[in-house]
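The structures come next, written out as structure tokens.
Each of the two complexes below includes chain A, the first together with chain B, the second together with chain C.
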Partner chain A sequence: MNVPNSRNQIPEGVRDQLPREAAQMRRLADRLGEVFGTWGYREVVTPGLEYLETVTAGAGSLGRREDLYQLFDRKGRTLALRPDMTTPIARVAATKMAGEPLPLRLSYFAPVYRYRAQKAGSVSEIWQAGIELIGAAGAAADGEVVALACGALAASGLEGFKLGLGHVDFVEGIFAEAGVDRATEEALKEALVARDLVAFEKGVREAGLPGEKAELLTAMASFQGSYEQAVARFGGVGESGAGRVVRALRELGTMLQLLAELGVAGQVSLDLGLTRSLGYYTGVVFEGYAPGVGSPVLGGGRYDNLLADFGGRLPATGFALELDRLLVALERQGRLPGAPGLDAVVECPPDRVGEAMAAARELRGRGLTVEVDLLGRTGAELVKYARARGARVVSLTEGTGGEAGEVLEARRRLRVAAVTPIH
Partner chain B sequence: MNVPNSRNQIPEGVRDQLPREAAQMRRLADRLGEVFGTWGYREVVTPGLEYLETVTAGAGSLGRREDLYQLFDRKGRTLALRPDMTTPIARVAATKMAGEPLPLRLSYFAPVYRYRAQKAGSVSEIWQAGIELIGAAGAAADGEVVALACGALAASGLEGFKLGLGHVDFVEGIFAEAGVDRATEEALKEALVARDLVAFEKGVREAGLPGEKAELLTAMASFQGSYEQAVARFGGVGESGAGRVVRALRELGTMLQLLAELGVAGQVSLDLGLTRSLGYYTGVVFEGYAPGVGSPVLGGGRYDNLLADFGGRLPATGFALELDRLLVALERQGRLPGAPGLDAVVECPPDRVGEAMAAARELRGRGLTVEVDLLGRTGAELVKYARARGARVVSLTEGTGGEAGEVLEARRRLRVAAVTPIH
Partner chain C sequence: MELLTIAVPKGRPYGETVQLLRSAGIAGPELTAEESRALMITCPALSTRFIIARDSDVPTYVEHGAADLGIVGKNVLMESEPKVYELLDLGYSACRFILAAPAAADPVRLLDGSAARRVATKYPRMTEAYFSSRGLQVETIFLHGSIEVAPKVGLADMIVDITETGRTLKENNLAIIDNLWTSSMRLIANRASYRLKAERIGPLVQRLRELMAG
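The block that comes next holds the complex of A and B.
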């Protein structure tokens, strides 16, 4: 069934980037790519189509197959559009780059695809830029990635951003301690992913847990405070305080100390209930928030088991920036530049096309952005067009307009008749 | 049916770009985007998924629906991966940009998808960069686009490229004059698209045409020569020499003269049998060739009817560069730079991570590409890693290696203990 008149439409959840938006996206990606580059991260590009088995590697319970765009090749094999870039890059790292010196530092700028029921702000094509650090375990590697996340957000021009830091083992340990059943745990984790504290507390109440267990879960989900306060509240959780909750806390503590040494402690705080929607995370996880934007502009964490799905067995961590959300945040802060300017339009009488194009070439050689007018416009009509584009008119004919000193200079250099300023 | 062990593989006809290749592609795209920009072309980005009706607009008899990657959304509508960028940009130009001053100059850098049976060199994911000039008819517009094609190839660093220039009306007029039936015409055009002169001449012989008509077709397909020679051979074709063959020739003549004025005549020659695989072309068409590469690295032409399929009714022309082929050509000419370099690796003892990262930050601030060693390597092991990456070791500890003047200077500036040169 094809809906009539859909030819002029685009599918739900995807969008066109018109010149202004495309330029902003390109500039943002360039700036991020530059930061990634100076930290030693090298761009890789993976194909737009993968086998279904590839993109579902390591997806875990929270990665949902029905969210994938699937199609078939002519041999009947199922292909899919990637729902994230981490998995394809894990495939590349574990296979084609297996012989390279470790760690691998890789970056990307690409769209990912997740089929989503249409609700406010949900999109199916998600432009991301990000990095993966593969082959290094430990707090220094986690610290590098979080420090780079801060550096990338700062380089984007965003002000007032915050990073929340959590740990998969902390959440898992608390759930184990609370002793909830599997179905309840899934439901509560979905509430954590959605950051829906009301639904979380309702779920906890309905689970009918002993007061102390219920209180532990709620304390995790709603925690706001310092590392010392976290230790005070959760440091005794587990068998004589020696379980994974405590180990996870200790890892977070080491990282916070490192981030303080690196001068980014002010942007980072503990977010102990932090749970990411993709299922492959195994350690420290984090999300970045911009003032006034509800959904995270950045997310990532450690995924030490994913490479093994491709025969790699390497620890890894990384993050992705959600570029559309970041652009919204930057726009709200007035941090986005306008469209790239047009400097000049060269008048082009039908019998002097070669001359007009030669004049344009000369101006471009000096770094200017120059159009040749191809519609044969003259006088006021051409000036009106140029004004609409914020450009000057370069005329091959005499007497087009008033000529200031700068204009006469341009005219002399160009050996053309007149340059009309727009003001 | 899913083949086992395909998780580590990628589908046929697509590829991974490892860091070296990705850097070369990025650099090429940047350079092309810069050229497009100074000519007033602004980048647009369209979604990776379109409705089937959109991508099949204007496809004509040579655009084949079975070459499309198709999938379904949850409402049962058929989506497709775009087989070219011209059609999505025509959609955008005719709809969301309908109110903007004309002409529209738009550019892109994106992959397109065409399902192809696997044979040598055929790919299904094709990275293209290109431009569209929408809202301008005539030889000046055609000339700008061909001149920009030459400018883009020159900017890529490619040497010795050639552009072939043809015209849809010329080919159509010759076929009409030869009076072949529809099936023969289709078969002969496919041979022209494939540039298979042997198949073309065989098809002509088998069509059993009168000698003069057969000779006319073969003369078109095999023509090599100047504009004057073309006029001498084909100037009398059609009703008293006034048909579309002659009009097409005249348009080509005007363009060649303009291109001579612009100094690119030496790179352009007539290719009167030129026929493009996509069916929407209506006027001047062209292809660009690199020495030693059999398939064109660039192709384009005028498509005055495509916008009407989106309610636009605007003349248009443009071209696409085939970036993978262009990279092959550049590589053969030794015109591709190596991978971007790593300048330094900072030694990072486990107890001095913060210091090491601060030193790296300082070096990056001076524009260097710097890694912190996250594997705790020391001495010879670290030097070996750095050498493999072409980088120097910056050490926080004393006595790592010989220190030349430059090294001591770096050490003093950095307040670190030693910088080990790699040579």
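The block that comes next holds the complex of A and C.
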């Protein structure tokens, strides 16, 4: 047979979710959606396809255009598969929901698409769940979003996670203070995104800055410590940086205070060199890490200028959870929700289909998950199938008696002749 | 104290790596100066564990969190671009990426771009990056080792390889056409461990820094 090779295959970077994985993804998304819901966030669904101009809004956000999947509609306009959810939601918020009372609290569960160089474990179809809080600025709004991020991770069942907290103005202020030229700054930021501290320090050395300024940059890049330590090290910086550094620190301090009051301070730490690859962030930024997973399971931050690109002019903040990575982390901790099981398979001889289906309906009415065996199997063959599905057989014919709790009771009620327990 | 797992490479840099880890107080006598057959060694008193791995596997262990930290050459990192943090240039095992050809060959003709030349290498990605940055098209031939023999047996016109002293090149009658990049050993960290075990990794980086400074 000459079947074309690609017919049975799927493109690189995407994958099928078989029932077990699909159920795990669904359960996780439901759990997160529930948390978002109780905080007042309402779900929106936006199209997978957008105009190229839409997804590239936000001053070169996702700067790398070659990461986009692009295609043409029938009028020759360029479309793109959305590379993130924040931009489409900003579009919706600034246009179709412009008249709604503020702030807008919106949530989503959807895949986004970014081309990734193919290596083990890298996917191009990325399932995300997240929220956007639009129309509220300030530490309270930032605090809500970070607290919700902690709440969402906790609700997923994940243990031992940590959120790193940074601020775009802090990094920008330090760069301004150090007085490096534009090209050097770009190169250094690239190193900072990858947290390539060797390249960063080399870049700083080669920039030929005075020792004190060079020291300031490297201290920012590798800073790990408490708020007090941050203030001690950077609190005096910024007379020439127009106080950006100090203001950013103060904002982070207010937030940490708030998060301490909410009892999540232990899950949050300062990460002052944190620089996210998306270009639209303007304030507090954060990433969430799980033990054993090399990439962040959560990322977000404030983006006060993005809505202006859609005519909105509203401050906004939000985050996205990377569900595939989160599932990996949960699996490592043995905390994946089990797939919902099948309780029973009803035997269904060809001449008693109606009876079998009625029995199944009755059992479902009591909250059991029940299948009717459409292949007409009996005896050992049916038992084998049921065992493979982790279920019990409900037999309509007289046979060996069973003693299986609910299913046995079903027999009595339904006058089903016999119940064969499998376990 | 929380256990810290560090992947270290077998082979040439092993001895110097052990020496460094010991003087930094990260490794105890369990990590012997001579490579043993053990692939995993624990130092209970210091709460550290070492995975002894092939150098090209070190970034994989770290990227996927099997190790919190790793020590590996920049040459390996450049070729595989793992999602890890590069924390420190440890300086030793310094070497250069070079482009070399038989001493008798005319380098100008080899790089005139008129015909696709064959280049043997252990570093196909870096090789392609180098030639495409020069606007030259070459055919890259991937080999696992003994790269310097490839021109002699007619497998390739040139090689891209790393060299410390250039001796092997001379022995094989090869001349350096171009120096591409330099490499040395690096300390890398798993991106989650960098945050989750900050209180262990931070002081360790500091100690290594001090050791190297003086």
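We take it that the second predicted complex is superposed on the first by the 397 of 423 C-alpha atoms of A that agree within 3 Å, B and C clash if a C-alpha of one lies under 4 Å from a C-alpha of the other, contacts with A are read in each partner's own complex, and residues count from 1 in each chain.
The rule is simple: a contact is a pair of C-beta atoms (placed from the backbone, for glycine too) under 8 Å apart; a residue touches a chain by one contact, two chains touch by 3 or more.
A quick note: this is a predicted structure, and the numbers were derived from the prediction, not measured.
In the superposed model, A:V383 lies in contact with neither chain B nor chain C. Shared-chain residue A:L197: touches chain C; no touch with chain B.
Touch criterion met: A:V45 reaches chain B, while chain C stays clear of it. Contacts of A:Y289 after superposition on the shared chain: chain C is touched, whereas chain B is not.
Once chain A of one complex is fitted onto chain A of the other, the partner contacts of A:G160 are limited to chain C, with no touch recorded for chain B. When the two structures are aligned on the shared chain, A:S269 is found in touch with chain C, with no touch to chain B. Touch counts on chain A: comparing chain C and chain B, the chain ahead is B.
Within the superposed three-chain model, A:L306 lies out of touch with both chain B and chain C [touch as defined at top]. No residue of chain A lies in contact with both chain B in one complex and chain C in the other. Residue ranges on chain B touching chain A, taken from their complex, read 1-3, 6-12, 14-19, 21-23, 25-26, 33, 37-40, 42-54, 57, 69-71, 73-79, 81, 91-92, 94-97, 101-103, 105-106, 111, 113, 115, 124-125, 133, 135-136, 138-141, 143-144, 147, 258, 261-262, 309-311, 339-340, 342, 348, 350, 353-355, 357-358, 360-361, 364, 367-372, 374-375, 385, 388-389.
Against chain A, in their complex, chain C makes its touches with residues 62-65, 74, 81, 83-89, 186, 190-196, 198, 202, 205. By the touch rule above, chain A contacts chain C in their complex via residues 117, 121, 160, 162, 164, 194-199, 201-202, 222, 224-225, 269, 271, 289-296.
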